[in-house]
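Once you scroll down, you'll see the structures, which are given as structure tokens.
Both complexes below contain subunit A, partnered by subunit B and then by subunit C.
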Partner chain A sequence: MTVKVRFFARFRELLGTDILVEKKSGVVLAALVKDIAREKKEGYDAIFDENGNFREFVIVMRNGKRLEPADTATVMVAEGDEIAVFPPVAGG
Partner chain B sequence: MIAIQHEDVDIGRLIENAKQPGTGAVVVFDGIVRDDDIREMELEAYEEVALQELGKIAEEAKKLHTLFHVDIVHRIGRLSVGDNILIIVVSAGHRPQAYAGSRYIIEEIKKGVPIWKKELRKDGDRWVPGEHPHGSGKPRS
Partner chain C sequence: MLLFGDDGQERLKKAHIFIAGAGGLGSPVSIYLAVAGIGTITLVDRDVVELTNLNRQILHHDRDIGRKKTVSAEEKLREINPDITVKAIDTTIDETNVGRLVGSADGIVDAMDNYPTRYLLNEVAVKKKIPFFHGAISGLYGQATTIVPGVTPCLACIFPKAPPREVFPVVGVTPGLIGMVQATEVVKYLIHDGRLLTNRLFLWDGLESHAEEIAVERNLSCPVCGNIPPVTMPARKKK
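Now for the complex of A and B:
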């Protein structure tokens, strides 16, 4: 199973983007992102709090749709998913 | 025209195109890189999603405020002080709808469209903090 993870803005600077992850079996979305973020402590700390939860201001999308924070801990990623993780938007 | 692009746009041409039959008012919003002790600004977007959301905002604005025409052009990439960032052109039969529609669009963009700005300053670069933390921008999908 291949899943793409995209980070934006500050998170992209810390962790990169367009990261393709190969997994043999189902994995929970939050755990998938955590595994990638652990590569760099500063990146992990920017996104996750001391309890391992997404920080309150972090926005997560799966295939272009925003997820509620609680869902990130239960949603299983599927083949071809695109997960996006980013800070509050500042367009306009 | 709904676009996310690096290039600037001919606002005069957009205004002319917005004048549909029955138009009594055209309102233009032009968001500009302000001189806030910055050298330049870099803009980044989750383009596929941002474009969809701009399209949905335009359709909502048309319905809610009886607009005849909506253009939204949001630039990305590196911009200088004074450059256009975001151009919104709306037309309506009367000015109350045109003003309200234009305002609706800019406020909705600021709430939730995945675009970010980085200020490039002499004393260090800074990502502009979002005004709306997670949860306050309702999903459009």
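Now for the complex of A and C:
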């Protein structure tokens, strides 16, 4: 199956975006994103904490719907899914 | 006024908009709402103009360095449009005064630079059912959404956890662009026209010159707005 992972803003600068991933079925969403992020330590550290969980402010969406951080460790990705990962910005 | 006619202009004149912050976002938002003829603008800020502000905070000029932003802002906005009422309040928005400061404004513009204060404004917006026009920037990145309590997700639905505080780099064009999105939303809301940026998060990537939006939805267990029964957006006027 093919899943698209999109990073935004600083995450995109670090890891690229619109990344198409070919996987066998039965992959958990967090693991999929982690695999991609591991390619660049700075990118991984920006998104995941020391326990390997999404940092609590990181927004993760699957097909336009936001996922609770805890759910990312159990939700399986499916063919055609689009995963968006982005950091809110804070300045004004 | 071909765009919205006398009726629309009258709505703007009767409106009271509360702008939280007279910095990077607050500058363009307040200038354009002033020239649009918003009858009453309340602007709150606690800071003094510094040299490093001037690359983006276009309400403040070189001669204003060292002056309170509220004094500088009020002066400029009065010059820009002497026919409107400008109330610039020099204070720190906190949980003890936020409700009183917002009063019975018709809309709250988020021109803050931190999430704790944004969350306070969001809570007041939800409690008083006042629309909340969110905007935030960092470097060449920006985001905006329009929150209509009960109809759309509130700020805490979309961003349950604040990102860490950071010294954010800014170039003035980004708050200019996001501020224009917010001001556009305020005007559309007041004249009852167009499709608001509701249930959508607008994301701007200035490095790529790429804009997109992400659908956002209410969290019915949100600690801030979860107890409000869902309502649908009132029909908008068709031209």
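The rule we apply is simple: the second predicted complex is superposed on the first by the 88 of 92 C-alpha atoms of A that agree within 3 Å, B and C clash if a C-alpha of one lies under 4 Å from a C-alpha of the other, contacts with A are read in each partner's own complex, and residues count from 1 in each chain.
Just so it is clear, contacts are C-beta pairs under 8 Å (C-beta built on N, C-alpha and C of every residue); 3 or more make two chains touch, one makes a residue touch a chain.
Keep in mind that what you see is a predicted model, and the values were worked out from it rather than measured.
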| item | value |
| --- | --- |
| Superposition on subunit A - do subunit B and subunit C clash or fit | clash |
| First (subunit B), second (subunit C), both or neither touched by A:26 | neither |
| Which of subunit B and subunit C A:66 touches, first, second, both or neither | both |
| A:10 touches, of subunit B and subunit C: first, second, both or neither? | both |
| Touched partner set for A:57, first subunit B, second subunit C, both or neither | both |
| Contacts of A:91 with subunit B and subunit C, given as first, second, both or neither | both |
| Touching both subunit C and subunit B, counted on subunit A across the two superposed complexes | 8-10, 12, 56-57, 59, 61, 64-66, 84, 86-92 |
| Complex contacts: residues of subunit A adjacent to subunit C | 8-10, 12-13, 56-57, 59, 61, 64-66, 84, 86-92 |
| Partner subunit A, residues of subunit B touching it in the complex | 31, 43-46, 48-50, 52, 74, 85-86, 106, 109-118, 127-135, 137, 139, 141 |
| Parts of subunit A lying in touch with subunit B, wherever the complex brings them together | 6, 8-10, 12, 56-59, 61, 64-66, 69, 84, 86-92 |
| In the complex with subunit A, residue positions of subunit C that touch it | 21, 23-26, 110-115, 135-138, 141-143, 158-159, 161-166, 168, 170, 175, 203, 205, 207-208, 214-217 |
